[in-house]
Structures are given as C-alpha cells and as structure tokens.
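A, B, C and D are the chain letters, set down in written order, and residue numbers restart from 1 in every chain.
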C-alpha cells in the first residue's frame, strides 16, 4: 500500500507541474528554426493530393531556406500521415505540438481530419492553417482564434462551377449527379443543387448517385445514366474514383451523350490523358492551373512549375498551389508581425494576431482572410480542349471568378444564404480567357 | 483477496506508476495512454469471448455503438456529462450485444465469426449511408463533456481522461477476472473444450455464451464511448472490419490467457503504431504485421505468455 | 420498374457477379480444403491487378493484343509465387493451431502486403485499359455496353466454374483435393500427402484471386486499398454460399451482383448494404450457408 | 410390478441405409441396473443418444417418469434427472478435475448468477468425496488433458454422478480401464449408485461385468431388442451367445 500512496503523490505532482508549466513562453529571441508540422495523405486514395502537396512543401521550404528563411529563421518541416487513421493522426498531432513544440501546423486535406484537428489546435493554442480542407461548416460553427483557412471553401468553389455551367449552357433541363459518398460529395451537391434551384428553377434532377468512396466500379451507374439521358452530369469526385468513373463513362459513350461537369477535375487531367474528349467543364478549387492566364507569363511562376515538373514528373495541381498559399500566408504573417514587433522575432500570439484580415498571394490572384478566418480565393473554371504540346487535355474558355459574391457573408449560414440567391447572379461579369491567349 | 489478486494488484501499481511518470517525459503521451487503456477495455471483451474459443470479427460494431451513443447524445441533446456518456456507451453496447447476441450465440467458430462480421458491416454501411443523421464518413464530432458537473481546460481534461480511463480499466480488469473465475466464467471456457458435455450437465451453452457476449459488448461499448471522448469524434471507421481485426490482433498479441493481456497488447500495439508512424511514416502497417507473425510463431501465448514463462523459469531456478 | 430496367440491371449485375465469383471461389476453395479463412485473399486480388497493369503497360506499345496473355501471366505468376511462398513458409507452420491464430496470421500478411503494395506501385492511380478498349462496344436497348464486361468477364467466370467442376470431379488431382476436403484423416490414411494438396489448393485459390484482379484491372483505377473491400465482399459471397461450395459461390455471387444492380436502379442508397444484408439473412436462416452441409459430432 | 423409470416405445432411426433401431421397445425399472449388449454397430449407443435427446427418432417415443421427452434437448433431459457417461470420455480438457465437477455441481444447484469463485463453492467438499468414491481424489487438481484414459473414464462418470441424477446412462463404463481394476471400479460404482438409489443403464461388451453387476440384460441386435432377462437366462441363450458374444 505504501508504494501505492507514493505513486499517487507522484501523480499529483506531475499533474500540478503540467498545470503550472503550461503558460506560453514569451521569449522574443530568434529560434534556431521555425518548425512546421503538415498533415497530409501519404497513404490511402487521397495521397493523389497528399503526395504532391508534400513534394510542394519540401520544394518551397528548400526555396525559403535558400533565401535565408522567414525573418532570417530557416523552416523545418515534419509530416503526419492523414491516411493512418484518426487515432494515429490525433496522437501524432499532439506529439508534434506538445513534445516537439512546432510553431505552426498546416492541417489538413480531408475535412474529416480538419474536423478533428481544428478544435484540437484551438485547445493546444497553436496556429493552424487549414491548407486544403474545404467544408464550409467548420468555420461556421464558431469563431476560432488559432485556425485560418488559406483558400476557398466549398461554397465558393461550387458556386463558380455552377455559374460557369449556366453561362455556357443556359438551356439545359435535366441534370444527374454522381458524387463520392462522404462529406465533400454530399456537401458539394447540397450547395450546387440548392443554388441551382434558385438560379434556374426549371431544371429537373433526374438521378442522384452516391457510390461509396473508393468504389472500383461504376458500370451500373453508367448504364443507368445512359438510360436516363440527363443533359448534364455533375461529379465532384476526385482521384482514382474520378478517373475510373470518367473512363468507364467515356468507354461507353456517356461523355458524348451528356455534358460532364467535373467539379474538381483539374487534378485528374494529366492522368486521364487523351481518354477524355473536349468540352468537359472542369473546376480547380481556386484559380489553380499551371497555365493560369494571368500568371503564365511571370518567370517565377514558370520556374516554379518547371521545377515541380522536374522534381515529380508532373505539372503542379491545385494541392500544390494550396500548399504554396499556406506558405505565402505564413510568410506574410511573420513579416507583418515582425514589423509590428519592431523588427524583433514575434511571439506566437503576435503572429496569430497578424493573421487577422491578412492578404497574401502565391500562384494565383491574392487571397484575403475574412473576419471569420475564411479565405476568399478567386475561382478558375474552364472547358477541356486539345492543347498543342501536351499529351492531355488543357483548359480553354477559362473564367476567373472573383469570389466575393460567391460566398455567404460571415454572419449568415451557407444554407440560408443560398436560399436568397436570384437568377440575377448568372449575369455576373467574369473575364474569359482562351487557352494560349 | 490479496494473494489471489496479487498479479492484478501488481499490474495496477505498475500501471499507476506508468501513468504517473510517463507524462512527465512527454506530455502528448497522456492521450495516447488514455487511448491504450480505453482500447484495452474493448480487448478485454474479445478475451472474454476467446475463453469460449469464439473469435468475433465484428466486435467493432459494439465499439462503434458506444462511440455513436455519445456522439448522437451530443448532437441531438447537447453536451452531457462524462459519466452519463460512459453509462450510455455501456448500455448501447450491451443492448446491441443482446440483440445481436441472441442470433449469433447459436453459431460457433467460423460461422460465429462470419455472422459477427456481417452484422458489423451492416452497421458500418448504415453509418456511412445515413448521411443526414450520422454525417457519413466524416463522422460526428464529440464536444468535451464535463465530469460530474466540473469543467476543465483542455489540458486538465486530458489528465482527467487518463485517470478516468485508468479507473475504468482497473475496474473492468478486476470485474472480468472475477467473472472468468466464477462458475459462469468457467462454463464459458468449457464451451471451448466440450460444449456437448456442458449441455449434458444441464447447462445451456448458448445462455452461457450470451452472458459472455453481452459482457464483452458492454466492455466494447464502454471503451467506444471513452475513445469517442478522447478522440473527440465518432466515425464509421469505428465499425469497419479492419477495426475488429485490430482488436483481435491486440488480444492475440497480448495473450488470451489472462485479462491483463488486453492492456499489454494494447500498449505494445499503440506504441508501435504511434512511433512507427512517426518515424517511418509509411511502414507502420508492415511493422505491425511482422510483429504479429513473430508473436504467433514464436510466442503463441502472447506477451503475457512470455512474462509467465519467464517468471515460471525464475521460480523453478530459485 | 419496367422491362428495360430489368434487362439493363441484369446485365450489370452479371458482369459484377462474374468478378466477385472469381475472387470468392478461390477463398471458398481454400477454406473447403484447408479450413483457413485467408484474409490476405484481397491482397492477392490487388497484386494480380497491379501485376496485370504493369505487364499491360509494358507490352501494350508492342501490340495491345499482348495484354491479354499479360492478364493470364499476371494471374498465374502472382498466384504461384505469392500463394506458394505464403503456404510453404507461413501457413504450413500454423496448421493444427487455433483457428483464430491461423486467421490472424493471414491478417498480418494482409497488413504487410497492403503496405508493400504502396511501396512497389506507389499511391497514384494506375490505369491500363488496353484490353477493354480492344473489344467493341455492343448496344442493348440503346445503351452501350463494353463487350469486355458483358461478354468476356461472365464468359471467363463460366469457364472457370466449368473447369473447376471438371477438375474436381473428373481428374485425379481434383479427386485428391475433394478427398482431403471431405475427410482429412481418411485421406491421409490412404496415402495422400495433405501438405502437397494444401500447397496446390492454396496456389489454385491464389491464382483465382489474382485472375479476378487481373481481369478487373482494365476497368478500374488501381489504388491503395482496392484489396480491402474485396476481402469482405468475397467473404460475404463465400459465406452466403456455404464455405467450400464451388457452384454455391457462383449462385451467391449472382444473387449479390443482381441485388446490388437492382438497388442502384431503384434505391441507390442501399447499394453498399446489399451484400451484407443478404449475408446476414442467409446465415440467420441457414448458418452453414445456402449450400453448406452440417455435420453432427460423434459422441 | 415395480415402477418404470424410462420407457421407449417403437423407436425407429435410420442413418442413410443403415437401420439402427427398427421398432425398439424397452422399459427401465426403478432401482435396477440394466445392461444393453449386442454386436458392434448394432445401435446401442444410438439408444443412449435418443434417450438423452441428442438424436431424434424417426418414429416412436421415449418417456421418463411418465413424461414424453422424445423432443427434448439433452439439456432439458439432464435437468429432468437423466445423466450420461460417455464411451469416449467427454471432459473439459483445460479444466482441472475438481473444477469440472464443480461446474456440474453449480449447474445442479443453479449457482449461475454468482461472482463467487468456482473454487470456493460450498459443494467443493462434496465433490472431493465423490472423487474419493470413484478413486480419483488424487487427480483433483490435475487438468483433465493430462489424465490417462482409464482415469478420464472415471472422471466422466463422476461428472454424471455429480448431478445426483435419478437415472444414469453409461456407455461402456469399463472400456479403457485395465482389466485388473474393472471389478474394483464396478464395485465402487454400483455401491455408489445403490447408495443414492440411482437407476442405471449401461452398454457393455464385457460379459463378466454384465454377469456380475447387471440386474437385467437387454440384447440389441439388427435394430431390435431380441430378448430381455436376467443375466443368467440371457447369457445362457445359444442365440445370444452366437450373435453377441461371438463364440
């Protein structure tokens, strides 16, 4: 029993030590390195985004360090696999924040991971940049101090795709949807269909399919769609799922029968090669395209793309640009906070303060953080076309949307806002760019 | 009492020391330890069934039932109390265990395993598909509850959860050990060696197994509710067959001969996964696979078996 | 529901069932003979698929028709090498041990192979559709189908079924397998070497799994995790049929394939639930599966 | 007329083409020890299987103390007071002998809802005495799996007796026991049965045992009870000698 009591006393002491020692340090000396932990998919189907994202992060970090780091401090990256399951993700996130004391985290790709890590980051008082997850609901639930989304959310992304469709094909009467059965697939359709009902009430939804995430076979859905003959087929699927669906649809003539809208198809174009025809509508979750019409002549942009292609064998896709935006935001916040601190190394809380209302730019138009920490990011949508010199389809008839009007105001929920939309919105002025133009 | 339970009491003291000392080395380990204890509680349930020679390849369904009981309460009623959550989790596991158990205790061995698997996959697909109620694959977030009315900061709460998990684990450990030594527990083991004789002693093997099954479902539900609060989320993944496989894996790893195996196995499993996925991001699965093969081939009685053999050897040497 | 839907759903269901049958019949065969539920079966499916795609991508530039022998080569290669290694150096060590341990060792193999697969083939989707694109489309009621999926796959499945039946009922090698299935002790007593039978059976089952994967590869993107789903699905088919039942597996695969297709045509939300719901229902009514037989213990 | 404990009427059972019972009638009377003899594979064990509900006859019925038990499960029949010992001992191999007996005792006295340790049950002493009675007390703490065949047989019988049955059905109680010990064991066994006023039926091959311990003998052959009578009568019958004993 004596042993027991001693252990218990030790326990209490340990608990007390933690309670006392938990206060944030306010040292203003420059650290040896700025530690960044990044959660990304290194395994599982979503590694089609995660691995390019990781490659981009490493490339960007090397570049930053070559230029002397952020405020003169080199950055050091560590990665956590989102594919290892929720338990490992959360445990490892705690480990890097609590044990390795990273300065900032970039989390995550999946909205599911963000759902777990955003409140945790808030608990642990560590700045977190939601570098890729898009679910609108996360930032609508409450106002966070430590979490910022450095890109658009699903509302902006789907609104841009919808308006593009309505501008390009104003008279369609029937639509069907084939989305992956998880939050993104459901939520993107929810936004798209609610807005569609407001903007063009006469369209009939003839089929709603939510095959399971990672389904290997869509033959039955394709047969069903061939029989239903919808004028438009929307899918916001991605990765292998999208490849499989589009190929199976193409093989059996469905891509020619209906107008396909690939909500986030930009990432699949290089893999699909010539297996897809011209005329598909493709979105990019932001104004992300390696031939971005407003950026393509900038030498830095070209150099970045060439370097990425040389390093990985493929042109950058949107997760690469999202990663670049997270780094751009970080750099901008440290610059701003450093200035505010009079050239000294800013404390963590000062950096978080600096994030408020920040504007930063990577390889698209500038992104602005709203007061609810949501990024307002331009959206690029285009139509596939054969491109000289590329063995895959490139984008043509690109529109770049200013997202300000494509998102709910911070004090209104997405669902309520969508119901206030009117067909007027279709007339929104948007610049159009030709491929190579 | 002291003599009979000296192994358990010893283990409890070692556990106490571990949860007292380890967090000083690394604060993030607090949550990992709580997770290990919570999973150990689930695996205890697997070990109970293994006494009867029955392997459930669908026990994750009760684990998920406990977790979703908490998640649904939070979603539709509001943030509750931790103790209420635990009761809910245990009851949800138990009730589902009783319903499923009434069917599955008629089956043995591979058929038992298969039917459990089938039921769990039905639950999994429902959790995935009933998107509007369950939020689909993304799962439902679980907000931090109070404990008997007291609220804590996130940091304090991780310690509260650790101590609470520890208390539950110790209680479950003693209760299960007690149960396994009782007549019903002995009869459970008799199902494995000779069910025919059991029936010829006037004992319903099905009822004996049902008691064991519901017990193990309660443990799984309890563990599930704990994990949901620790992880702050419940997802359909909790009910997927690989989760069930993981629980059986931990049970075999730890050793099924003693209730303590559950916790030994959970500790090794989670530490390997945690550190392997931290150090070798893309090899943790392979490492766990090799560990399991090594255990099966070299130490079929699991970690507990290794410890026992050691101490038996020391005793005979002395 | 009208006739068109019935016809279309039946076509879709049959082509799906054909693949599922190929994989589950291997699982069932292995269980029938060795009494081992091979959790790594889905990994063999995945490796078959990846190997076929790798060979396909390599030979397609020479002539796309070479991809067909490529499919077969991948299935036989993966089944023989991987299946042979697994049986000879791992499963053989655990015969006679606890059923739970046998099952778990294949679970460990599944974890290792799943991980290794990412190391070998990476995480980017791989697509090798040459075999599919070579064959023309056919039109049924105005709906285009690939003849690969509607004719070739069911054809191969039917041939496999007939071939297996013939092998088991009319050849010595098959008779020996059947003898061991029915009564291992008696078979040993008459001089059959069970180890050799186990090795052959396991390789045969592994080849069937890999063949399923190889044949699926032209129609789908190959990704990490493709094997995981296949394990439970083929498991559901084999259990519904009754473990060890060859013809039963064909019928159960058809049942599940058709039910799934009709679900997509009518209530698509229930698609995922279908195989498992059928499995639960069948097992509750007939625990030994649709075609399995029960045995009474002698006392 | 003494009281009939167990009564079988018109039992018919076939396995494939083999007819094991083809209209069997048999009465067991209170307090007697009835031996069933017959050639191998004649269906003697099948009778025990039917009487204890393990097999269901295709026709006919079994009554125990006036109650029709044909459709009952082995468990229900056990609870009515029929215990069974097996030709191949049916033991809990991973339990110790005393644990196995205590499980039987716990079943008999309905001690299921207790968390008390099996080892601490109040029936422990009684079970030790039972082991003493069958001469296996020294094996009490051994696991059944390590016992030699003869001892297993005794433990198997002890498990049946632990239930304090009204009727015990035994399948070749002395097979596997060294012939030198046969009579000693049977002496003890029959004394124990008599002391508790337990009726017994035993299938037996050993005619010396039958001669010495059976009150009556039933001869089972070709799916029928050929004769029933005292050992002296039956074993003197030339037909029995040629059919069963094989001389």
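Note that a residue touches a chain if its C-beta (ideal position, glycine included) is under 8 Å from a C-beta of that chain, and two chains touch if they have at least 3 such contacts.
Computed from a prediction, not measured in an experiment: that's the story for all the values here.
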Report back the single chain whose CA centre is most distant from the CA centre of subunit D.
A
Report which of A-B and B-D is connected by more C-beta pairs in contact.
A-B
Distance from the mean Cα position of subunit B to that of subunit A, given in whole angstrom:
36
Please compute the C-alpha centroid of subunit A, do the same for subunit D, then give the distance between them in whole Å.
76
Can you work out the whole-Å distance between the CA centroids of subunit B and subunit D?
43
Averaged-CA centre spacing for the pair subunit C and subunit B, given as whole angstrom:
32
Subunit A, residues touching no fewer than two other chains:
42-43, 181, 210, 212
Multi-chain contacts only, two chains or more: what residues does subunit C have there?
118, 269, 272, 299
Which subunit B residues touch at least two other chains?
128-129, 196, 282, 284
Interfacial residue positions of subunit A with respect to subunit C in the complex
42-45, 47-48, 50-51, 181, 208-212, 214, 216-217, 219-221, 223-224, 226-227, 239-241, 243-244, 247-248, 251-254, 271, 275
Sites on subunit B touched by subunit D in the complex:
4, 178-179, 181-187, 189-190, 192-194, 196-204
For a test of understanding, state which residues of subunit B touch subunit A in their complex under the given definition.
13, 16-17, 19-21, 23-24, 26-28, 31-32, 35, 128-129, 131, 135-139, 141, 154-156, 159, 163, 227, 231-233, 235, 237, 270, 273-274, 277-278, 281-282, 284
Quick one: which bits of subunit C touch subunit A in the complex? Just the residue numbers, please.
4-5, 8-9, 11-13, 15-16, 118, 123-125, 127, 129, 132-133, 137, 141-146, 149, 216, 219-226, 229, 260-261, 264-265, 268-269, 271-272
Once bound in the complex, which stretches of subunit B touch subunit C?
50, 55, 57, 103, 106-107, 109-111, 113-115, 117-119, 121-122, 125-126, 128-129, 196, 241-242, 245, 248-249, 252, 282-286, 288-290, 292-293, 296-297, 300
